[in-house]
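Two complexes come next, and they have one chain in common, chain A, joined by chain B in the first and chain C in the second.
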Partner chain A sequence: MTAVSQASARPLDQGENRRRPYGLLLVAAPVLLVAWLVIWPIVSAVGRTLFQRSDEGAIEFTLDTYLFFFSDRYSLDNLTVTLWTTGMCALLLFVICLPIALYLRFSAGRLPAYVQSLAIFPMFVPSIILSYAFIRVLGPNGMVDILLNAVGLPKIRTPYLTPWGPVIGLVWDNIPLTVLILLSGLGNVSNQAIEAARDVGARWGQVLWHIILPRIGNSILVALSFSVLGIFSSFTLPYVLGPAAPEMMGPFMQRTFRDVNDPQMAITQAVITFGFCIVFGLFYVRSVARNQGK
Partner chain B sequence: MARLDIANVSKLFGSTKAVDDFSITVEDGELVCLLGPSGSGKSTLLRMIGGFEKPTYGSMTIDGEEVIHLPPEKRPTGMVFQSHALWSHMNVFKNIAFGLKLRRLPKAEIERRVEAVLELVGLSGYGQRLTHQLSGGQQQRVALARSLVLEPKILLLDEPFASLDQHLRERLREEVRDIQQRLKITTLFVTHAQDEALSVADRIVVLRDGRTEQIARPAEVYREPATPFVAGFIGQMNLVSGVVADGRFGHSAFNVPAAVADGPATLAVRPEALAIAPASGAGMAHVHRVTDYGTHAMIDVELPDGERLKSMMPTADQWTPMQKVDLVPGAFALYRDNGVIYRADAALALAKPARKTRSTVHA
Partner chain C sequence: MKRREFMLAAGAVAGATMLPRLAFAEAGRIDWYTSSDSNILDFWANTVKPAFEAANPGVTINLVDAGDGAGVLAIAERAIAAKQTNTDPQADFFESADAKLPSGAIDAGIYVNMKEAGLSNYSKVNPLAIESDYSLPYRGSQVLLAYDSTKLSAADAPKNWDDLITWIKANPGQFIYNRPDKGGSGGNFVRRAIHQANGLDPSLFTVDNYTQEFGDEALGKAWAILSDIAPSLYDNGAYSSGNTQSIQLLAQGVVTMVPVWSDQVLQAIDQGVLPAETGLVQLQDLALCGGFTRSIVLDNGVNRDAALKLADFILSEEIQSAILTELGGFPGVSWDHVSAELRERFADIVPNTIPTFPSGQWDTAISDGWYRNVAPNVDRNA
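Coming up: the complex of A and B.
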């Protein structure tokens, strides 16, 4: 039998353990930056809304601003319209982007390449330009009205300055990201998996329902989480295209802070908005964790 | 049990002919291997039978019923794919039961049939496993079970063992052959591995560039290849180009009697039919390399013009590199214009020192 000395019997992964701090150092800078620019403002905002200075000068715990928000009809209407806009956008994005992604995934040739370019195009258009383009096309006396008038048809009721204005703009703005994420998910569904389903008797609808959608469930969740996070806290499109009242949380916060000059209430609105966003964010984190677990 | 008739089927992708005027009749319970190199059209042909590609011309009938216009979901065929194509979001039971559920069979019937087919493929008790918890061989068995549970008239196997290691391939192909014979299911098996085709097929179809080179029983394909391509593709073959003149095939190193018309020809002789002997004089060739496989030895001999041939000998003991040897061809065939013109058994073939002819050799 060969005698093994203590030194030579050392675990092989000891060197790896020694290297670990270097890896942590590499991520230290972005982690610290996130802590400084994201985590700390959140903690600070929550603290400033929950702990306020009383008239006597003492700092005390209070829920006054939250109680006001959730008892104020105007604030609740704004929250409702934000949730409605977000939900409607998510639904429309799914309904519009899934067929586009399916077409791009299962088609070949030049036409799908052009369709993909068109689907990605909104990504390169700044929101403010999109907003004014929308007004020029669908707004009062816009291009659609002019064309309808030219052929003797009555004006359409413009979605501009109605809750549908931000919905149309936000959906258009979020199509590229949603299509790309869904397309990436569909890339994991092999042609043979689909052919195998057809081989055992599944029609196209059954293939979509039983094979494709379950396989891209994570991608749908990620795409909708990303879109919802962006839409819920969006500012430019709702500000330019949306109605004055009720308004989405982004413009509402800005108006409370600047026009009403009530920073404490604006911070409360921001914390409440963050609270809703974190729920969608947790969906995303759960999806990623589940995926990595597999 | 079913009979498949394919008549004059062609498939064009743009201007490229993937399958060119293919015809075959596969009888009840027969296992036919489609064998050929990459791009020979064998998978395209199988996909056309499965309904995943539509032929440009021709007809296909299963038990006399034309199926060419039927989509895959309506064809009485079952396909096993190279990549297994299991649905990873379903467990083994659900993978197999999916087709039965689509046919709205009662739950008890589905359970009975899934359990029976799991037992058939040797995976009893694996129903609740997720597909990623199975080995490659087990995944392929699940894929086979998924097709078999629907009792298809024709079973299509598209290189089902290509992603498995050699040992597992050998074991699985024997199991598949056993199952196929037990169920007597008409089967088409695509492979590019000649050993696979030779070991499981009732008949082999050798394809090249979309065209049929030969359809025959495995022994016939091996012993009597119809074309030089089949001769070179199935097993190992020494192909020697030379000229027939005055009833003898002539080459720079040796010549053999061949009662055919004069003209260029290609001699095909398998390594096991090409014996070597220590040179009695200057020798026709010298030993280049000796490879001992344990069961036999493969001797690479080099001719004076630098070309090399392979000779299979019982042992490696008496051969050393650079040793001068004489060649003793046994059974061989001569090919001309892509067809066989002469076959000789071992008794007829006698090597003689060569006359000078212009020639090339391919081992």
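Coming up: the complex of A and C.
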């Protein structure tokens, strides 16, 4: 079985046609777009922050804006809260989504179908609507408070305008993508392998640890790096639900650019944000490359 | 039609609708931009636009929300660039803008000189509101304090700054203002604190007297006042992210008092967002800042003449009365040009003085300084 799947994974044009450039032409458009809209802005941003015009008008190499960022308590606090939010979201996403994906993979019938549509639902809710719904439900004197009050319980400590506000919103927003990727990874786990393991007396925990997790390690990495990339630079949810300070990098960059009128510093923040994101991006690229190389 | 052909045709049609539509300014369509809140946009969409289009057949207004002041500035910068290359700026009218910004705009010649433009209603404009010959004050609004009168009686409502601070500290968690760059109600509350810290003298601050030393000294004293009350604010120092969010917190009964724009709060009460018994109070020692909203006509816009007609139109008695009755703002024309009946009915909200605060570099300094000095210095978990 493995032999078959390996053979089909090879490119189809292994024959005499392979030197023709059609394949390259097909990928040319996206590659050019990426080069123009992604690679070039990155190069330009890095260049503009490293080579600045000095007071005399000459362009010279400088690390001033970076030195300012990394010596400025306020900027560092913002970076820290962004890393904290991202890490917390990744952890919660893993803890919440893995059981959902396992349930969907190993059960049949009508109920899992409903669970799946419920898990995918957040994908269709724009984040600005989610933010206001969040305020109405979890906000002060919101629906949860009203329900608790009706049964004589005290109000909750609302996460609105605290760092937990964006965390809850972002986790909810990212559940669909994570569940879908984990689910596709769980497709690689064959029922036979699990049955064989159970036949020799493995418990559920052992099956999960020795059979399932090793097989979906890649999917977990991909799912988490995808959500992390989105969360790190998110804007709407941290802006509406988060505290005024420390703020996440998304609102911070936007404010520096528009309200503080300091594009140079905003670009520096963007390059630093990009530096963190590229680490997760490399994880993803590496795992894809490893998959292709198999 | 064969299935394959059908798919191709359907794909082509679907693709064509998704192509980016290139925007070109059209003759007879005034490209209009605002940085104001949605209540102003609604007012234009429902009141000004239909009335103007009915009075001027063949001319339409394209209402565009530029988001905030920085959004309008970006369009103005585009107009300067367009002027230099002699191209179309795709903008004719700014509902709310500062003629001094972006710096050099007047010298670049992109704004029409309103005084010399020959507007028939220009002489009616309230002389106190005129800041520049290049902008047209057409409506005013002021920040005041709105409170829940079921929790605080009108007799106990604070009437001056010291009483307000005492009240905030005596009632922790019952007051919130929004981040100063995200809406004028919180922004002008912060500016009122700056006035308080600097001897209640608004004339100390002008649009071009910002220097680093003066700014640090004058604003530093205000940050001390604001940091002092921070632990007594809602949730030990939380700040809402806009004018509307503050009103929402007041409406949900979470806080007792918030600073609000006069026009927004009157409209909120009118629409039932806030209960009718919401109390309004203005500080008597020095009012919270307010100001006139000034419109600008772009000199190099394709529809310059139609836009000037619109500028004249918004000073007409019809629109100026609507600003009072429908918007809850106050007129940009002198009080004598408003009907006697309205003059009497709105005597309460018409202020005697409207302290103002200059924009320009002060804006940037206040916004950045507040975020750095006031917002973080609180242990929220304490």
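Operating definition for what follows: the second predicted complex is superposed on the first by the 275 of 294 C-alpha atoms of A that agree within 3 Å, B and C clash if a C-alpha of one lies under 4 Å from a C-alpha of the other, contacts with A are read in each partner's own complex, and residues count from 1 in each chain.
Heads up, the rule we're going with is that contacts are C-beta pairs under 8 Å (C-beta built on N, C-alpha and C of every residue); 3 or more make two chains touch, one makes a residue touch a chain.
Given the structure is predicted, the values throughout are model-derived calculations rather than measurements.
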One more residue to check, A:D77. First (chain B), second (chain C), both or neither? second
Tell me which partner A:N149 touches in the superposition: chain B (first), chain C (second), both or neither. neither
Classify the contacts of A:S44 with the two partner chains as first (chain B alone), second (chain C alone), both, or neither. neither
Touching chain B in the complex, chain A uses residues 190, 192-193, 195-203, 206, 210-211, 214-215, 217, 294
What does chain B use to touch chain A in their complex? 50-52, 71-73, 77-79, 81-83, 85-89, 98-99, 102-103, 132, 143, 146-147, 150
In the complex, go through chain A and note every residue touching chain C. 74, 77, 135, 139-142, 158, 161-162, 239-240, 243-247, 255, 258-261
Show which residues of chain C lie in contact with chain A when the two form their complex. 68, 70-71, 179, 181, 235, 238-241, 245, 248-249, 252-254, 363-364, 367-368, 371-372, 375-376, 380
